[in-house]
Every structure is written in C-alpha cells, then in structure tokens.
Amino acid sequence: MPNESHQTRIRVRYAETDQMGVVYYANYLVWMEVGRVEYCKALGFRYKDMELEDGVLLAVIEAQCRYLFPARFDEDVMIETCVAEANSRIVSFGYEMRLIDGRKLATGSTRHIFCNREMKPVRLPAKYRALFGM
Amino acid sequence: MPNESHQTRIRVRYAETDQMGVVYYANYLVWMEVGRVEYCKALGFRYKDMELEDGVLLAVIEAQCRYLFPARFDEDVMIETCVAEANSRIVSFGYEMRLIDGRKLATGSTRHIFCNREMKPVRLPAKYRALFGM
Amino acid sequence: MPNESHQTRIRVRYAETDQMGVVYYANYLVWMEVGRVEYCKALGFRYKDMELEDGVLLAVIEAQCRYLFPARFDEDVMIETCVAEANSRIVSFGYEMRLIDGRKLATGSTRHIFCNREMKPVRLPAKYRALFGM
Amino acid sequence: MPNESHQTRIRVRYAETDQMGVVYYANYLVWMEVGRVEYCKALGFRYKDMELEDGVLLAVIEAQCRYLFPARFDEDVMIETCVAEANSRIVSFGYEMRLIDGRKLATGSTRHIFCNREMKPVRLPAKYRALFGM
C-alpha cells in the first residue's frame, strides 16, 4: 500500500471552533495526526505498538498547512493521508482535508524523524521498512 | 503557607474561545491546572520535580466547575488556588477565577490521589507532607 | 427517545494525551460535548441548527467529572449520554465513558441554560420541548 | 515599530504536553497566536478591538513550523514575533521560540488575509496601515 493514500473521516467538534465561527487553525495539525495514525493502521501496524513495543517514536521536525476554506462545527471532514517520502531516518506525510461534498479545506505536510524514548534519532527497525515502501 | 491561597494570572487566548464567542468550558480545567502548578511553586516545590525526581504523580479523580460569567478573548483572568483537604493519599484543591475588575467567572475544585508512574496509588513522601500542611 | 440514552464512539487522539501517558483530564469534557451533540441528533435535531436558525445556545453552568480509570492513546471509547433533567430553562446531561471491553473510564454531568446570542437566558422554543421530553 | 520584533513569554502547561513527554506539535501554533496578539498590542492596537469595532479578522491562509528542540512542561518559553510582509490585503508573521537560556525550540511563520465577519477578503482600514509599516 505505500504510494497509496488512506482516508479517515472525522466530525468537527464544538471545542475545535473559535470565536471566528470556524475551526481554529492549530486543530488541522491534530487532524493530520489522526490521519497519520489511521494511515499506519492501514499499512498494517499500530503506531501505538511501535512506540510501546519497539520504543520508536515519530518526532515531528516540520509541519505546514495551507488553509483554503474554513471548516465549521459539525461538518464531516475527510482526511486523506499519503507518504510523500520515507527512508530509514525520515518519513514525510502529505494530507488533504475535504468536506464530504468534495470542497477542499486544507492541504498540509509533516516531516518526522524516528527517535528513541530519549528523543535521540534512530534508524527505523527493519520490520517496519517494507511497510513504508522501503 | 497551607490554608492560604495563591494567585496566578493568565490572559485568554484566541485558541481558548469557541464559536459562542466565549471561552470553551473545558479550558477552565486547564486554567485550574495552571493555578495548581503555580500554587505548588509557592508552597516551595516544583510539581515537575516531584514527578521526575520522586516519581509521584497527582492523578485527578474528580473535577468540578461552576460557570458564573463567560470569559472572553484577551481578558486577564486571576486564578486563585487553595488546598481544601490534604492527607498522605489525597489532596483537593479549590479555585476561583476572576476578571481583574473582580467579576467572578467560575469556581471549581479538583481531587487527586498520589500515584507512581504505573498509576498505582502511593503515600505522599514525607518531605512533601509539611508543605501541604500535614 | 427522552429518558433513553445514546451512544457515540470516539478514538483517543495522541493530542489528547499528556506526559502522564494518559488522556488529559480536561479532554473528558470535550468528549461529553461530542456525546451531547450526537445525542441531540438522535433526538431529531442538530444542535448546530438550533444555534444558527433559532439563535438558541446551550450555555454550560456546571460540569463535573469523576475519573475511574485512565484512557490511553488509540483506545476506542464509548460515550453514553442521557438527559437527566429538562425544563424550558435548563437541561442536564449525564455521561458514562467506557472502553469497548466495558471497563468504565469516567462518569460526568453538565448543566446548561438556554441563552440567546447575547448570552441572556431564554426559554426553549416550543418546537424543541417535546424532543427533550417536556 | 514595524520591522522590529516583539517578545512575549509563556510557561509550558501540563495540558500542552503529550505522552512523548514533550509539547504536542500543534501547540506551537497556539503560541504563535499568543505572540501575534501581543505583537499587535506593542504596535499600538488590540486585535480584539480590530475584530469587534472594525469587523476586520485575520484569517490564516498558511502556517508553517520547524521543530528544533522539544519544549517540556513548566519551561519558560520566549516567543519572538515580527512582521515579515504586510500590504493592505495580506500580512505575514515570523516567529522564533526559545528557552530562556537561549536554546532555540522552533521557528515558524503564518500568513493571513484580512476578512470581514462573513470571511470575505477586505482591505485593511487605513488607520491600521501605518501600524503595520505600510
């Protein structure tokens, strides 16, 4: 499944809006995390287990988001996630967030290094490499 | 200083508002946490150190808040924190949140048990007891 | 459907955890909001429309939560919501949050008054009363 | 003061950490908002008033953050904010977040368009232009 994308659906929470009446901009990064976690599940592993069992963490080194159209309370949002780049030290994800009717809300990307629990960079264990298409 | 209260000041963030134009209700619990941490500092210890050095965590077992008047973006809020009850297993804090002009926004309370890192209940180490007025 | 309860399912986000390794306590109030909004849908109306079309807001006047067992990242949580009390001025909700295996995480309640956009108390419009079992 | 930068100080909240033991990545965007609001005050106006009195909102169209070193609970963080670009339709801010000892945590930027309450693009009212160095 590498090179393919995965879709996850979330519903906008009241908590995620701000006084502008739309979703607060930092929450799109939370949605990207939701997309990323579900993408890993679709790849065949649970991010949780990689952290707990193998002590490998995905530390964010860069995040970026372009906001195209504001999302509002109670709307259903489709998050499409793909892996843009992956090697044994770094993985980059790309994201598109859309309303169910197709309207594009935002696009984004995050870049991560694999770390141990002490936040030191490590190489991704071999068993995960094929999953990321390496 | 036990039985006394401690005041901390925060400014309402845009992120903390919701589409009602006021602070989202869950954020008052975040403010109580801010009050609690600063209260501990005033008592003479850093909550961070208690966690890191002694492996003692304050796990919340109950929280309650009464909302009297809505806080709005960019307002300065005074959080007054006191210890309502403390023994070697449990500590309860009380909170009052006010605008700088004195208008009362909310009152709340939280109740905690002392835990180790595995979230098992422990007794508060002796060195902290006097600080909590025991 | 009044007097009955409604169940909604959410999955714990990484964003919702804190350095204790469990869900941060204020996030349970966000989950209660999710349960409340979906409960209203099950009753036959969208909270969003009540706000937008009728200008009626549910302002929280009290919230309370008892924490029984810590929720962790990526767990599926069932939120069960019911109306505990409702009249033309006030509505109270009760909540139970459980893991899918049945383990109870937390119970809570919120109490709300109906307000207009200026945050002044109003009576609930007649068309909504039957829905709340009045 | 345009072309100059402004510094604001915040303290890391427990709520801002995640189970990795460091600040969750989306919260840096909240800190940028805090920096931006305080920067506007230093420029001589309150963002709140621009929104309330003039109906001019700063809608984010792009945000970016590079994470250099993880911030932890209870650390004091200095947020340095500057205006990178400003015209009557768009304003871009740059941010640097540092520990008090000087260690750089993150750099970021946000790009905004001026909007009315209906989220339609507008030109910045003349009275604000000089403040932004136009």
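Remarks
By letter and in written order, the chains are A, B, C and D; residue numbering begins at 1 in each of them.
The definition used in the following text is that a contact is a pair of C-beta atoms (placed from the backbone, for glycine too) under 8 Å apart; a residue touches a chain by one contact, two chains touch by 3 or more.
Source: prediction; values computed, not measured.
Two chain pairs, A-D and C-D, are compared here, and A-D has more C-beta pairs in contact (counted per touch definition above). Centres computed as Cα averages put chain C at a distance of 32 Å from chain D.
Chain C has its Cα centroid 27 Å from the Cα centroid of chain A. Chain A and chain D have CA centres that are 24 Å apart. Touching of two or more other chains is recorded for residues 14-15, 20, 22, 26, 30, 33, 73 of chain C.
Viewed as a contact network, the protein chains are fully connected, with every chain touching every other.
Listed in rising order, the residues of chain B touching chain C in the complex are 20, 22, 25-27, 29-30, 33, 57, 59-67, 70, 110, 119. Chain A meets chain C in the complex at residues 13-15, 30, 33-34, 37, 46-48, 73-74.
For chain C in complex with chain D, the touching residues are 14-15, 17-22, 24, 26, 73.
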